[in-house]
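Below is one structure, written out as C-alpha cells; comments come after it.
Residue numbering begins at 1 within each chain, and the chains themselves are lettered A, B, C and D in the order written.
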Amino acid sequence: MNPFDLQQFFSSVRKNSEEICRPLEIEDYVVQPIDDVSPPKWHLGHVTWFFETVILQKFQPNFKPFHKMYNFVFNSYYESFGTRVFRPQRGTLSRPTVKEIYAYRAAVDEQMQHLFETLEQKHRPEFSRLVTLGLNHEQQHQELLVYDIKYIFANNPLRPVYQKAKARPRTPEMKAAYLDIPGGIVEIGHKTEGFAWDNEMPAHQVLLRDFKLQNRLVTNGEYVEFINAGGYADFRHWLSDGWTAVQEQGWQAPLYWEKHDGQWFVMTLSGWRELDPHEPVCHVSFYEADAFAKWAQKRLPTEFEWEHAARIMDVKASEGNFLDDRNFHPLPAQATAPRLQQMLGDVWVWTASAYLGYPGYRQEEGALGEYNGKFMSNQMVLRGGSCATPRDHLRLTYRNFFQCDKRWIFSGIRLAD
Amino acid sequence: MNPFDLQQFFSSVRKNSEEICRPLEIEDYVVQPIDDVSPPKWHLGHVTWFFETVILQKFQPNFKPFHKMYNFVFNSYYESFGTRVFRPQRGTLSRPTVKEIYAYRAAVDEQMQHLFETLEQKHRPEFSRLVTLGLNHEQQHQELLVYDIKYIFANNPLRPVYQKAKARPRTPEMKAAYLDIPGGIVEIGHKTEGFAWDNEMPAHQVLLRDFKLQNRLVTNGEYVEFINAGGYADFRHWLSDGWTAVQEQGWQAPLYWEKHDGQWFVMTLSGWRELDPHEPVCHVSFYEADAFAKWAQKRLPTEFEWEHAARIMDVKASEGNFLDDRNFHPLPAQATAPRLQQMLGDVWVWTASAYLGYPGYRQEEGALGEYNGKFMSNQMVLRGGSCATPRDHLRLTYRNFFQCDKRWIFSGIRLAD
Amino acid sequence: MNPFDLQQFFSSVRKNSEEICRPLEIEDYVVQPIDDVSPPKWHLGHVTWFFETVILQKFQPNFKPFHKMYNFVFNSYYESFGTRVFRPQRGTLSRPTVKEIYAYRAAVDEQMQHLFETLEQKHRPEFSRLVTLGLNHEQQHQELLVYDIKYIFANNPLRPVYQKAKARPRTPEMKAAYLDIPGGIVEIGHKTEGFAWDNEMPAHQVLLRDFKLQNRLVTNGEYVEFINAGGYADFRHWLSDGWTAVQEQGWQAPLYWEKHDGQWFVMTLSGWRELDPHEPVCHVSFYEADAFAKWAQKRLPTEFEWEHAARIMDVKASEGNFLDDRNFHPLPAQATAPRLQQMLGDVWVWTASAYLGYPGYRQEEGALGEYNGKFMSNQMVLRGGSCATPRDHLRLTYRNFFQCDKRWIFSGIRLAD
Amino acid sequence: MNPFDLQQFFSSVRKNSEEICRPLEIEDYVVQPIDDVSPPKWHLGHVTWFFETVILQKFQPNFKPFHKMYNFVFNSYYESFGTRVFRPQRGTLSRPTVKEIYAYRAAVDEQMQHLFETLEQKHRPEFSRLVTLGLNHEQQHQELLVYDIKYIFANNPLRPVYQKAKARPRTPEMKAAYLDIPGGIVEIGHKTEGFAWDNEMPAHQVLLRDFKLQNRLVTNGEYVEFINAGGYADFRHWLSDGWTAVQEQGWQAPLYWEKHDGQWFVMTLSGWRELDPHEPVCHVSFYEADAFAKWAQKRLPTEFEWEHAARIMDVKASEGNFLDDRNFHPLPAQATAPRLQQMLGDVWVWTASAYLGYPGYRQEEGALGEYNGKFMSNQMVLRGGSCATPRDHLRLTYRNFFQCDKRWIFSGIRLAD
C-alpha cells in the first residue's frame, strides 16, 4: 500500500469503529454480560492503546502517554506489556468515561496523522508495517464490537434495537447440492505481497483427496429439521465434550433462538423476528456444527479443502455480505444454478481443522508474536468471514479460530462429503 | 406524622437520593464490581418501583405501570412479586438508561404527589403507613448507595474522587476508657408510636448483668497495633469461619487500606489519603471485630447491652456524624472527660448478637413480610448507624444486620467487658 | 469419677468405638462420599491420636510417637498441632490400613493402661481431667461414626445393610399436645462437679416468658402433611438462605427419603423400608425445621426454653433411645396421657438459638480451647441427644451445634408456642 | 489370531491385570484422589463388565447378569449402556468389595472359557472380533492401573512402595543428536490384517517435508536446564492455555518431582529417589512439552513425522521398555552411535498433532463407536507407548490421546526440527 493510501485507510478504519458505536447509549458502552464480551468502550480504547503503545511510543519524539493508567486498563492479553485489568473485570470499570475515551482516540489520531506527515523516510517502512498491523487489529475488534453489541442487546429484557430493520425481499429456496472438487497436491497459505497474519504462513503444500463441497451454507430450515429430529437429545451425534456442553449449558437451539407458541424467533440487531428458514444458520458452536454434520451423514470440510475450493472456484469478496453492507445478519442464498455461493461473508464456517501452526511456522518476536501463536491449542479454525467482517479485511487464506463451545460469534456450517 | 409533614418528608427523601448521585458520571451508575454492590441506577429505579408497586398500584385509579418490564428489572428479592433479574446480573443491563430512570422517578413522584393531594380520607391511614415504609426503605438504599459508590470508585484504577476533601482539623487523641453500666431486667425494643421495622418488636424484657462499655469507638491507631502484633497471622484470635475468610480472601487489613513505604493509606470518598490514627476503624468484618476484641482481651457488646447503655446514657443523634453532614467518613472522638461518645453515626458497631426474632416476633403478611424476617439466619446485628445513614432514619432500637464477612459497609468496633 | 471407674470407662469407651465398626468391610472404612463424612478408619485413628498427643506425649516418660506422620494424618482441625490433611482429602488416603490403625489403637491403649497403673499421684488430677476429655471426645466421634456409616451405606447403589432389622411393634399414634411451661428468671448451664464442655458454662440466669412446648417430637406423618401441602414449593415458609438451599440442592423431602409409586421409603441402618408415620421425623436441616414450624404456625423453642422445660419436668435419660440401645433409628412416642416424651435420645432437636458463648464465656487456653469456642458463628444449637449418642455422654445442659443446612445428622423437630 | 491363541491370550491378559494389583492392600483398591484416577477395584470390575455386557450377554444362552447393579457401577462412559456412577464418585463406593470383584472376574472368566470351548462355529468370527477388542480394552486399563496406582501411592503422606527397587546400573550419558528423515508422500495408518482401533484407519497418504528427529528422548537433565533457565516463569515459551495452567496449578516442575536442599527427587513405584539426569523426563503435560521445545528452539514432531520415521527406521518393540519388563519407570538411553532409540516404550511422546479423525474416518455403529471417535476434540496425540504399556498392545500406527494438561500419564518429549 502506498503511504497516501495507508493514511486514508487509517482514517477510514478509525472512523468506522466509531460509526459502529453511533447507535449506542452511553450505558451500552459499559457493560460486560459474560466474560467473552468486552464493553464497547473497552474495544474503542484498546485499539487506540495499540497505536499509542506500539507506534507512537516508538516513533513519536518526546512521547508522553495520554494517561499513565491506560496501559493497565486497555492492555488485553499482552504479557509483554505488563499487568492489566483481569478480563472478567472489564465491565466493572466506570472510568475512563466514554467521553474520555473518544478524547483519547482523537488525541492519538492527531498524533498519528502528524506522524504520517512528518515521519523521517528511514522509519517509514517499519511505521507502515506496524500501522497496517494496527489497522487489521482494529478491524478484528470491529467484528468483535458487532458480536458484543448483539450480546449486550439480546441480554437485556427491554430488548433494545440497534438499527431499524431493512426491507427483506422474500427469496425462493436455493436447494442444497454438492459440487465435486478435485484434490491433489495443493498450495495452502499466504505468499503474496500484501498483509497477512503470521498464522497464514508459510505457504506450503498439502495433499488432498477429491471431495465434495456443499454449494451454499446450511440453512435455518435444515437446522430446524435437526432439532425436530431430536438432535439435541441424542448423544450419538455429539463429541463427548460437546455432549457435556449441551447438558451443562442447556442448549436446545442456536444462541439467540427462542420458541413461542411453536414458532421460532431469532434476535437480530434490528430486534427479534420470526426465523427465516432460508437464511444461513448462525451462532452455532463447533460442537453443534459437528453434530449437525454427523446427523446429516456428512462432515465438515478441513480448512485446506475450504481454501482450495475457494481458490479454484475463484470466489469473490465483492459478492459477499460483509460489515460494509450494514446488514449485520446473514442473507439467504440466491436461487441459481448450483455454484459455490456464500463462501465469503454471511457467517464464518467451522472447519474440521484444529488451529495449529503451519509446517515451518515461527511466531514473531516480542509482543506482536503473542497475537496468534500462543492460542494454538484447544481451538478450531473458521474460514470465510461474516457479515460482521470488514470486506477488505478478509483473504482466502484468512484463519479465524475459536474454542469449540463459542456461540456469540457469527458462525455457521457448510458440509463436505 | 401528619399528612403535610409526610408529603414534605416524601419530597425531601426522594430528592436526597438524587443528591447523593449528583457527582456521578453516567458510567458510574451502571457497573456492579461485586455481587454485593448494585449499580446506582438500579437503586434509583428499585426504590421507585417500590412506590409504584406497593402504593400506586393499590391506590391509583386506572393504574398503569410505567413500563411492563420494570417489575422484572427492579424487583430486588421479593418472591411475592415474581421473577426478577438475578442479583449478580444487575450490572449487565445497560437499559433502562439513567435518563429513563430519572424520567421514571419523575413520573412516579408526580403521581405520588397527586395522591397526596387527592386521596380519599378513608385510604389515608394505610397510604401513610405504606409511604412511611417506602421512605424508610429508600433511606436504607441511600446508605447502600454510599457504600456502593465508594466500592465502585475504590475499584477503579483511575481512582476517581466523589467530593473534594473537607478541611479536617487535627484532633488530640481521646483516650480509651470503660464506663460502668448497671444491668438488671431491662426493656429492649420499640414500643412508641413512631415508625419502626417489625424486627424491633415486640418490646420485651431482657436480663442483663452489670458490664463495662468503651467510651468511644476503636481507632485506626489501635487497630494498627493489632495488625503489627500479627493479628492476621495468629489463628488463636479467630473464629474458625473467620480464619478461613482471612486465608481465602487474603485479608491483611480492613477493606480500603493500602500500605506504601511503611505508611498506611485509606480510600475515602474524597480520594486516597494517609490513615488518621484517631479516626474510628471502619470497613471491618464481624470476624475482624471479634478477633480484635479477643486479642484485646475484651469482647463485643450484645445488642441488648448496647441498646440499654444508649438509653440510660441518653445519647443524642444530633451529636452524631450522619449522612446529612456529608462527611462520608467517620470522625475522631472528641477529647473530653470520659463519656459515651460516637454511639450514633460514624460507623455501625458489630454486636455479639446473632440476628434473630425477638420473643413473640411474627413477620408481616405478604410481600412486606419478606423485608426482615426471612434474613434471620447466619447474620449478626449491628447498632448505631453510620456517616452514611440519614439522621432521621435511626432509632436506639434500630437493628442492622449483615453476614459476618461483609466489609464494604461502614462498620466498626466498640468493646465491652 | 474415681480413678478405677475412669479406667473402666476408658476400656468401655474404647471398646465401643470398635464395636460400632464391627459390621464394616475393610472397604467401608476408607471412603468419604461428601466432605462432611469422614472415613471410619480416620475416626478410629483420630480419637487415638488425641490420647497419644494430648496425654501420652505429656505423661509418658520417653514418649515416642507411634508413627511420625500420624500427627499429620489424624489431626482434625487443631491449628495448634500444626498442618494436617485437608479435610476433603481424608477419603483419598489408602494408608495407614485398617489393620495398622487397629494396631495403633492397641499400642496406645496399652500405654494408657500402663499409665493408669503407674502414673505418679501428683499427675493424676490433670491426667484424669484429660482422659475424661478424651473419652468425651471419642464418644462424640462414635456418634459421627454412626452418621457417616449411614451416609456411606445410603450412598451405595448396592444398598448394603449394617445390621438386621429388629422386630418393631406397631404402635398406636400418640397425639400432639402442648404443655404449659412457666417462665421467670431461670438457671441455664452447667454448675455441678461432673464433666461438661466449656460451652455449657458459666451457668447463668436467663429471663423467660411463659411458653408452651409440644409433648413429643414431630412425626413423619406430620412432616408428610407439610410436603403434601407444597411446603417445599412455597417460599413464604422459608428463611432466605433456606430457600436458596432448597433450590440449589433440590430438596423435596428429608435426607434418606425416596418415593416409589406414591409410597415414601426411608433408609435405615437396617436397609430401606416403608416410612412409619409415627416415628419422629429425622435428617432435617434447621431450615426445614424452621419452615415446618412456620407452616404449622408454631415456632422452634430456644435452647433456654428447652433446657428449662427439661429440668423442671425432670426428664430421664434412662427412658431415652440412645446408642446403647443399638436401634440406630428413632422410635415412635408412646401412647400415654400427655407428658413430655422423647426429650432425650431419638433425635437432636433444632432450637431457635444461635450457637454463641454464654455471658462470661472464656475459651480454654491452648489446643483444647479450639474445641468449641472457635465455632461460635453461623451455627444453631441442637439439644437432647439422639439414638446415635452414648447415653452417659449426654446432660440436660449439653449443647450440640451444626450449620443450618446439615442433614446427615440425626436431627428432628419439637415445636413451641 | 487363531482361536486357540486367542483363548490363551485371553487367559494371559486377564491374569496380568490381577498381577498388576497383587502388591496392593485392600484399601489401595478403593480410593480416587483426583477425578482422573479411578480406584483399582473399579478398573478390575469395569474391564470384566465389558466382557459380560458386550460378549456374554450376546452369545451366552440364558444369560443372567452377575449382579443387576453392576451395569450401573462399572459402566465408564458408554451412553449406549445407560446411566452410570458419575465418574468423580467412583471413589465413594465401598461396595462391591474387592473380594466380590475378584469373584465377579472369576465367574465371567469361567463363562468366557466355556464359550471358547462350546460356541457354535458360525458365531466364532464375531466372538473373536469382540474378544480381541475386549482384551485390547483391558490392556489399556492395565496401563491406567499403573498410572493410577502411582498417583494413589504418591498422594499418600506415608509414601508406600509398590515394588522393591531393582538394581540400576549407572549409564554414561547418550548425547542428543538429530537424524535426517526424508519426507515425501508417505503412508500413514493401519492397513494390515491384525487388530487396530478405528482411529488408526483408514490408511491414507500424507505429504511430509524433510525433517530432523532427535535420536533419543529428552532427559531429566535437559529438562532441569529448562527449569533453571526460568522456563516456568517466562510466559514467552508457553501457549496461552498452558500459561494459565502453570499459574492456576502452580506448576514448577513435572508431576512427582520434589526439591529438597537443592536436589531434585522423583516418586517412582519403588518409592522416592534422587533424580537421574540421564533418564527420560516423564509426567509432563503437552503444555510443558511444547514450552520446552520452544525454549530449546526446536519443535514437537507431528504424529505423521513420528510414524513415518518409526517405519522407515524399522524400530523394534522388542528393544523397548514395556510393562512386561516390570520396570514401571523409563530407562536411560544407551550410549551408542547416534540412531533412533527409545521410540517404543519408556514414555509416550506428545506430538504436535491434534487428535482428529483421518480422512474418511467413520466411527463404528453402536456402543463400540463411542470408544474413540467421540473424544476427537481438545486432545493431542501421543505416540510410542510407555513402560506401562503391554508390549503386544502397541503398533507403529497406535494413537494415544489426552488433554493438554494431563500429567499423571507416562508422557515425555522427543524433539524435531
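In this text, a residue touches a chain if its C-beta (ideal position, glycine included) is under 8 Å from a C-beta of that chain, and two chains touch if they have at least 3 such contacts.
Since this is a predicted model, take the numbers as computed values, not measurements.
Colleague: Show which chains lie in contact with chain A and also with chain B.
Modeller: Intersection of chain A and chain B contact lists gives nothing.
Colleague: Determine, using the mean of C-alpha atoms as each chain's centre, which chain is farthest from chain D.
Modeller: B
Colleague: Between chain B and chain C, what is the gap in Å from one C-alpha centre to the other?
Modeller: 38
Colleague: Please work out the Cα centroid separation of chain B and chain D, and write it as a whole number of Å.
Modeller: 60
Colleague: Residues touching two or more other chains, restricted to chain A: which are they?
Modeller: None at all.
Colleague: Would you mind giving me the full set of chain pairs in touch?
Modeller: A-B, A-D, B-C, C-D
Colleague: Show me the residue ranges of chain A that touch chain B in the complex, using the header's touch definition.
Modeller: Those residues of chain A that touch chain B are 25-33, 41, 67, 69, 72-73, 85, 89, 91-98, 152, 155-158, 160.
Colleague: So in the complex, the part of chain C that touches chain B is made up of which residues?
Modeller: Those residues of chain C that touch chain B are 77, 79-80, 185, 204-207, 209, 235-236, 238-243, 286-287, 290, 352-354, 356-357, 359-360, 369, 374-378, 380, 404.
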